[in-house]
Every structure is written in structure tokens, then in C-alpha cells.
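Chain lettering (A, B, C and D) follows the sequence in which the chains are written, and residue indices restart at 1 in each chain.
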Amino acid sequence: MRWRAVVAVELKPGVLDPQGEAVREALRRMGHDHVSDVRVGKRIQLLLEAAEEGEARARVRDICESLLVNPVLERYAFDIEPEGER
Amino acid sequence: MRLGVVIFPGSNCDRDALAAAEIAGYEAVPLWHGESAVEGVDAIILPGGFSYGDALRAGALAATAPVMAGVRRFAARGGAVLGICNGFQILCEAGLLPGALTRNRDLAFHCHDVALTVVTARTPWTRALAPGERLVLPVAHGEGRYVVPPEELDRLEAQDQIVFRYEDNFNGSCGAVAGVCNRAGNVVGMMPHPERRVEAVLGGEAGLGVFRSLRLAAAGVTRP
Amino acid sequence: MSLSASPEARWTSVGLTEEEYREIVRRLGREPNDVELGLFGVMWSEHCSYKSSRKLLKILPSAGERVRLGPGENAGVLDIGGGWAVALRIESHNHPSAVEPYQGAATGVGGIVRDILSTGARPVALLDALSFGLPDSPRDRALLRGIVEGIGGYGNCLGVPTVGGETVFHSGYDGQPLVNVMCVGLVRLERLVRGRAEGEGNVLMLVGARTGRDGIHGASLLASRGLSEGGEDKRPAVQVGDPFIGKRLIEACAELVEAGWVAGLTDLGAAGLTSAAAEAAGRAGRGVVLELDRVPLREDGMTPYEIMLSESQERMLIIATPEGAGRVEAACRRWGLEAAAVGRVTGDGYLRVRWRGREVAAVPVRDLTEAAPAYERPWRAPAPVTPEPGRGVAAGPSRGGAAAPSHGGAPRPADPSEAFLDFLSSVHVASRAPVYRRYDHEVQTNTVLRPGHDAAVIRVRGTRKGLALATDGAGRWGGLDPYYAGAIAVAEAARNVSCVGAEPIGLTDCLNFGNPEDPHVMWQFRRALEGIRDACLALGIPVTGGNVSFYNETDGRQIPPTPVVGMVGLIEDIERLVPSSPRCPGALWLLGGGAVSQEGSLWQMWREGRVHGQCPPLDLSLEAAVQALVREAAGHGWIRAAHDVSDGGLLVAAAEMALSPEIPWGLRLQLPEAGDAWTAAYGEGGARVLVVPAGPEAERALMRRAEERAVPCREVGRLTEDGRVIVKSGRDAWVDVAAERAARAWKEGWAWLL
Amino acid sequence: MRWRAVVAVELKPGVLDPQGEAVREALRRMGHDHVSDVRVGKRIQLLLEAAEEGEARARVRDICESLLVNPVLERYAFDIEPEGER
């Protein structure tokens, strides 16, 4: 069965986000001064095969920890659903 | 002639462009990103670098800087504008040039010489060059892959808007495009760095033609 | 960080020993409070205090006619004439890079650039000396990629060209890579500033990024212990670099220095505000008061302890007159940088910290800086004692080696041509272009000789002068004989610079070693320093400063002792510089000589996966004579190319000259009649340079001068246009391959790794 | 009132995603051959002030279209919620 996983990777709280800072400053300059904080992270979408949801989750977790996420700086969360539902 | 070079925070080829313009015989003046009035210049260069740290997408933040309003007006009046590397990215992000520039196909930064073919001499920045001419210039970028939808690429070709092509399409650009212009031809963007090749001691003068073109264009010279 | 009440936890929590803690109590005449203890902890850390090395470093010669600022300042400064001075410094970022390769390397670049800024100079070049484990594990490959990307990611954005460096592979760096970054800057002599908090009442302005919780006890503690201890608790300490702010700091500082509004300038590196303020005050013999409520913070609820110890990147401390402070602020604001007046210079010699209306720390500046402890750590030579090289213990050319590996290593390769191609394409020898083409090496449009030559050359705009820059490390020799390693690092870096026609005028060194509490490591350190000293004296080059990185150990595995040298050479007329490969073919001459052996060579490393045996004999007077001869030949235009013979030996050096142009030359090389061909081709040792004379007249002149200087000199082959690489041993063609094929092997050997 | 917006930016279908390709290749090499497709996008989190949800949504849409998203390459979607709910 095919699953679609969407992984959200973000910088850990307290880790400097130079991109987010630069974007926030630019927004302020553009007049969007109601924006107080910007953090830029990654959104990774995977299509994978797995017999059932538990297996799919385990695989995605493994992929996150072995490749997608740098645990020194980042943390992650993911959603999973059978492919085709969206 | 007076050439203005825009300094954005994070521009790092601004001084190089100013120096190259002077070597090519122009008066060169800096233009500050925070000033929306762009006056007293005959042409504008948006230089290379990492404006605003290339946050989000290269050129995205600079495209919203106050000076771009002035550049837009200048371009609309037919003024000659050249975006080099980051400057090209800014012009695309600002919508002054078609398409977008994104990460190189191999995801790596590339700093080396590349061979280009000049496609059109109709722009004020290529008037001194001949279509079909081969030019070797350095590149130094990580986000230089030119992207346009296929039908748009056809249109650009039909309208003579492709300015340079890579001989070896190392970064995976659509149509091997290394430089494009707007419909009118007065706004040009290119990824390679002509300002780095204007002195023999630095490896040759292959980039001088781009700068010299401006004078020919101003004098109304067109190549046969 | 919570400092618990148990007395032992007090000192261990800040990385101090019980004796050190007692010493603090003795000096203060009371128990330090938590903030004060934090200040002592970082300032007395190995990283900040150089407590294991300070006394020993004094043996390095640091005086010279050109030296304007020497050791002890943020960077060394050399007068290059015409009113210009060059600032130079090298620094390690080994520990952070092992933990987080991209950010570790990136912040290494940022950090060294700000050291150069501190002299008022504009950074004009970067070099990165990298040492990696053998790239056969995914972990070591990831470190390689991350580190190279980090150097490029920061340096490219900054707009400072990365013009050189080195890339070394050795199993001793498995899991513990070395990242040594050198920065060079240019400053008008009259604009030189110093990292001193002069002038009572002057204002301390903190400029640049906001202060967050990054790297509390980061660089200082991380680099003062091995990698295996701790683990997870050190992880939140990783700093993230922001080159966009770094770039704006360069511009703002350049403007301020040019306008003369800066009385003193210093960067915030390890130990952040604490060390910047204390060192600036210490150098001037002053005190400072810091008002922590004025420090712009990135995070809520930071304690004085955290603010003082934060290692947030991209911050500088400007000492301005009270009238100048407003101008500093305005100039910074123009670049979108915050500038806050966070303190002032006092006359009482104390570092005082105020927060919420209270004084939360008061410590004599001297106790944090020059009066910090300095140890003479015990040292012990390994048994059996390695005979001192250079004192007549020659490793004969036929000893060891492929024919009769002394430690039962790899058998002799079957086919010399195939072996040649394999060696050329190995990570040890293949072209470094896969690394340096990821670095912008041309920005600022001053790079006259780009990476790929013995040294890079950048011009000094507005003059005819050029600076030749090179780094050389010697970890491969370090494990065999640290004395030799120290000396050869200096000699080869100077040789690199001489080969392009420049005179070496000063160097900065980065000493990468294991745990200094291990007496054997301490012995290695002393011997390496002696080697550096002797080579500097023999070649007449001052050491203007440097950096020591200890505790490069993982689970008791020490790195090979690795002295790295960053050399600056001066060339008076850039038209006279000499590339490593000629524009047209010609005869190939070998200048110099000396005994050559496979022991310790790159060839041995490649064949056997490790080096062993003895270092070749060292002849520093021949070294000096060869280098002087090459420079003279360059100055007179007698040579069209010069390349030093080092890593990989004679054949590799000749092959690099032939194969590096876009369309490779062919090569003829005649190996000496006597001895083993493998050793003659790939053996290392001696002081040797290959040159291409500029014609018959130049050959005669070169020959004559070589005789006068007692430098051996003979023709060993030619660069040709026939597309073949043919190496003869005696009358036989020993290696015979197409130049095109050899060039491909060398150019593409390890591109896949990156 | 304070709002947290999470903007998901993804490459348009048809636009080459070398990063996604590289991740998929790496996963395959690591033995995760059950993964058939990977797309790498951005996840941008904003904190902003707005009187009510409609205004917050309008502001985020404006920010996306004027800065966060390049329509030649990308498309986007966002979620919004009162800050503090997560």
C-alpha cells in the first residue's frame, strides 16, 4: 500500500535562524510590521510503500533520523496518510 | 557616460563592477538600496553577491528593496540595466526578466570558467559582440539554473530574448540559458561575471565587450 | 546552567580543577559567585588561556623588520611597504566541525575573518587547511562534504575569496577532522587599530548580531576536552553562522576605521563578551564596566552568566570615544546592524558586570588574562627515542619502500603504468579542484594566481605588489617525528610561496594536537615547536601569531600531531610571478636535492594505508638556498614555471606540471640511474623544485647561479606536445601512458566524493 | 491578537527538484527502496498580529504572494491558528 508522508523539519528553539531573521527584516521594511517572528524550515514529502500504517510510520521515522534531520540543530514531526486521499 | 552600480546589503561584486566600469572608460557611481530615486545615470548594473544573505530564494528580498522602484522606472523608460549573477536573480524575482533562477542541478556551488555563445547582439550589453561568438567567462554561483515553462522558452527564443547560452550546460538551465533580456532588450541578466575579465593580469579581457557595448548602443551603432 | 551547591560540582561544571578553584578563592580572597566562576571557567580554559602552551610558544621567533603586530594581538600585521600592511591569522575549528560539520566550518570562517577585522584590515583572502579521515566510511564522507560546503557557504556569501588551502586524508583523522582557516587582510598602516580598551571613559559598543544562548561553553569547553566525553549535553552549544551579518560587519568596520572613529576594535570569539572585554582591557592595562541590561538579546530570560558566556557569532566590540559613539551607531544602522553601548573603560583594572542595578561580578582583569595559570605539563619522549633528523640520520634511498616493505605492507605493484594512474587518481594525489571550485576564489577581482598553483597570488590594488599565500600541514610526518613535521611544514609553505616568485615574510601557525595531559602528546608538541623554530630561523621568517588546538582525541585516540603553517609571501611586481605549469612546453630542471625515501611518503600511505619508518633527513641550509635560487630565477624571468616536489615525490610533481593545463602537456622524465625506480619516482625528502627554464640563455644563467649558491641543478626531462607521459628508468620506458588518460585520472579522481 | 501561520511552499509539479532526487537516491543507497518519490519544499512559520482570523489570513496571503513564494517555481498553502494553541 502506498503512503504519503509530509515531514516538517524545523530548527530547534533557540537555534539562530538567519534566513528567518532576514525575511522578518524584509517584511518589516515592506510595511508588514505586524509580523514578529519568522522561522524557515523544510517540508519534505515522501511517497512510500508499506503494508500498514504502523510500518509506514516506522519507516518514515527511520528516514528522518538517519537522513532528513540533523539532530544537532533540528527537530521534526510528520503526518502520514494513504496516498490518493488528498 | 555614467554607470550606476546598486549596492544591496550583501552585494559583494559591487566594487568589482564599479572598477570594471571605470576600466571600460565610464564614470561609475554607487547607488544605495534604500534610495528609490535613481537619477543621473545612463545605465544601471545590479552586481553579484548574496544580497540579504540569499535568504528564502536568491534575489527574492532584494527585489523588494526601495531602489527597485527606481530601477523599474528607469527600465520602463528604456534605460539599459544589467544584472550579473545575483543581479540577474534579482531582476527575475522583481519580474523585470522572465523566468526564475534556482539551485544548480548538482546542488553545488560552481566557480570556474565556462564557455558561452552569444545569441543576440541587439541588447545594449551585447552590441559589441557578434551572434555566434564564443566567450569564456567565469561563473560563481550555487543558484544559477534558469527555469521557465517550455512554452515560455519557445516564446523567448521566438522573440530573440535569449542573450547567452552555455556551451556545456553544467547547471541544468532550461535551454542552456546563461543570459536573457526583456522583450524590449534593454534589461539583461546573465549568470557569468564579465566584470571579472576586464584586465589581462586577471586572466584576460573577455568581459570587456559587455561593458563596451553600452557605448556603441548609446551611439546608436547596430551590428550588421 | 545551574551551578549546584556541591563544592566539587562548582569547579567541574565550568571545566576547572580543584587547584584552579582554590587559586581563584585565594586571589579573590573569597568564594567567587556563580557569574564570576563562569568568567574564570572560560578564561582559564585551555582554549582561551593557552595554559598548556603559553610558556612553550615563547620559543618561536616573532621579531622581524616588517612585524607591526605580533603574537598576543587578534592578528599579526606585517608592513609590506608603500604604506600598506597585511594582517594574517589562522585558527582551528576542529571540535565544532566534528560535531556539526557545516556550521562548524562556516563559523570557523566567520571567526577568523573577525580576527582580521579587529586590526582595521579589510579581509582579502581565505585559505582552508583541511584534514580528513580516509573517506571510506559514510561518516567521514559526510564530514568531508559538510565541511567543504560550510567553508564555501560562509566564505562565498561573505565575498572574501577562498584562494587556497589543502586537503589531506589520513586514518588518524577518522571521525576527528581538522578545520584550520586562515584569513588575510589589507590595511593602510596609518589606519591600523588594535584590540585595546584605551582611554578611561571610552564607550564599549557591541555591534552586530544579537546575543542568544548559542555556544555557552561551546568553543571554549568543547575545545578543551576530547570529543568522547560528555556527548549530548554539549550539543545545544553548536553555533550557527550568519554570513549576511558577517558581510555587513566587514563593511561597517571598514567605514568606521576609514573615518577614524574607532579607538579599539576586537572580535567576540570563544568566551564571547567575557574574553573580548577582558582581553581588550588587559592589553591596555585598564578596567571595564559592562551593563548587561543594554546588551541586545535574542532570547528572553537570559541570565548574566549566559550573556557573558554566549558565543553567538557575528559580534564585534568597538571601543569609541563618547563623541564617536553616536557615529558608530549611525554607521552601523546604515548597514542594518544594531550597535549598543554596553559599557565603558575604567581605570581600576577590574572587569565589573552590572545587571538590574546590581554589580554581579567584579574580578581583576589581570587574573582573567595574563595572570591566568600557565602550566609546564610533564612530557615524555616515546621509547625507543627517534633519532633526531637533520643530525645525520639519513634514511637511505633504498630502505623500506615498495620493494621491501619494512612492515609487511602491500606487495610491489605489478605494472608501473597502472600503478601511476591509480596513484594519480587516489584521494591523496588527485587534483583538489573538486574542493576549490566550490569556493568563490575570484571575488574582489584581485586573484592573479588562482588555486591550483603552489601558492595563490592576490594583487594589492593600486600598487604593483602581490601577496603569495599558501598553507601546509604535516600530520603525515607528525606521527613519525613531530620535529620534522614542524620544520617541514614551515619549509614547504615557504617553498610554495618562493615557487611563485615571492619572498616569505611572515607566517601564522595552527598547532593541532591531542590531549596535553598525556606526556607523550606534550613531548610531540615541544618537538614540533622546536622544528618550527629551527626552520623559521634558518629561513628568516617570523611567526606573527597562531592558534593551538589541543584535545583532538576520541576515545583515547589522538590525532597525529599536525602543525599547519599559513605563509604570506611578498612579490614586488606581479608581472614577475611564476605559475606552477608553463604556458608553453620546455625543458624540466630539478633544483636542489637531498636523500629520498619511501618512508613516510604519500606513496607509502596510499599503498599501505599508513605511514611508518623514519623521516628523511632535513637540510635547512639547502632549503634556504634552493628557495633563494627560485626566487632569483623568477625575478630575472629565467623560469616560466616552478613547482615544488613534495607530496607524491618527483613523478607526481612533474605530472602535475604536465597535466594541470586544460589541454595537458606530454611528459618525459628520466629517473636517476641508481637505486630503485619506485623510490626515485615517488620517494619524498630533500629540498627540491622543478622548473621550466625560459630558454637557452636563461638556462645558462640559472646554471651559473645554482653553482654559486651550491644548489644541485640538472635537467630531468621535458614537457612535450606529443600527448604521452613516458618515464624512463635507465633506458627502459618504465611508465608509458597517454597524457589524456593520465590527466583524466588526476582531474576526476575523487570528484565523486563531493 | 496573535496568530501562528504555517506556510507550506512546494515546487510546482513539473519543476525539477534536484534536492528531492538526491534524497531519494541517498535513501535508495541506504536500502529504503520502498520510497518512490521525494519532494523538498519549505515550511515557513510566522507569528503575526491581527484583529481577527480573516485579517490574519489576508495578511499571510499577501506576504506569500509578495515575498515568500515565487509563482514561476512554487505554489503554497497555509494553516493559521491563534498563537498558544499548540
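Criterion: a residue touches a chain if its C-beta (ideal position, glycine included) is under 8 Å from a C-beta of that chain, and two chains touch if they have at least 3 such contacts.
Predicted, not measured: the structure shown is a model, and the values here were computed from it.
Engineer: Of all the other chains, whose mean CA position lies farthest from chain C?
Structural biologist: D
Engineer: Count the C-beta pairs in contact for B-C and for A-B, then report the pair with the higher count.
Structural biologist: Per the contact counts, B-C leads.
Engineer: When the centre of a chain is set as the mean of its C-alpha atoms, what distance in Å lies between chain A and chain D?
Structural biologist: Inter-chain centre distance comes to 9 Å.
Engineer: Between chain A and chain B, what's the gap in Å when you average each chain's C-alpha atoms?
Structural biologist: 35
Engineer: What's the distance between the Cα centroids of chain C and chain D, rounded to whole Å?
Structural biologist: 41
Engineer: Could you pull out the residues of chain A that touch at least 2 other chains?
Structural biologist: 18, 20-23, 26, 30, 40
Engineer: Multi-chain contacts only, two chains or more: what residues does chain B have there?
Structural biologist: Chain B, residues with two or more chain partners: 52-53, 55-56, 61, 64.
Engineer: At which residue positions does chain C touch at least two other chains?
Structural biologist: Residues 242-244, 336 of chain C each touch two or more of the other chains.
Engineer: Select the category (line, ring, star, complete, other) that matches the graph of chains linked by touching.
Structural biologist: other
Engineer: Dump the list of chain pairs that touch, please.
Structural biologist: Pairs of chains that touch one another: A-B, A-C, A-D, B-C, B-D.
Engineer: Using the touch definition up top, name the residues of chain D that touch chain B in the complex.
Structural biologist: 14-16, 18-19, 22, 66-68, 70, 72-73
Engineer: So in the complex, the part of chain D that touches chain A is made up of which residues?
Structural biologist: Residues 2, 6, 8-10, 20, 23, 26-27, 30, 32, 34-50, 59, 62-63, 66-68.
Engineer: Given the complex with chain D, which residues does chain B contribute to the contact?
Structural biologist: 56-57, 60-61, 64, 92-93, 99-100, 102-107, 145, 147-149, 172
Engineer: Touching chain B in the complex: which residues of chain C?
Structural biologist: Counting only chain C, the residues touching chain B are 152, 156-159, 242-244, 247-248, 335-336, 433, 436-448, 450, 459, 574-575, 754.
Engineer: Under the stated contact criterion, what part of chain B meets chain C in this complex?
Structural biologist: On the chain B side, the touching residues are 9-10, 12-13, 15-16, 19-20, 48-50, 52-55, 108-112, 138, 140, 142, 193, 195-196, 199, 201-203.
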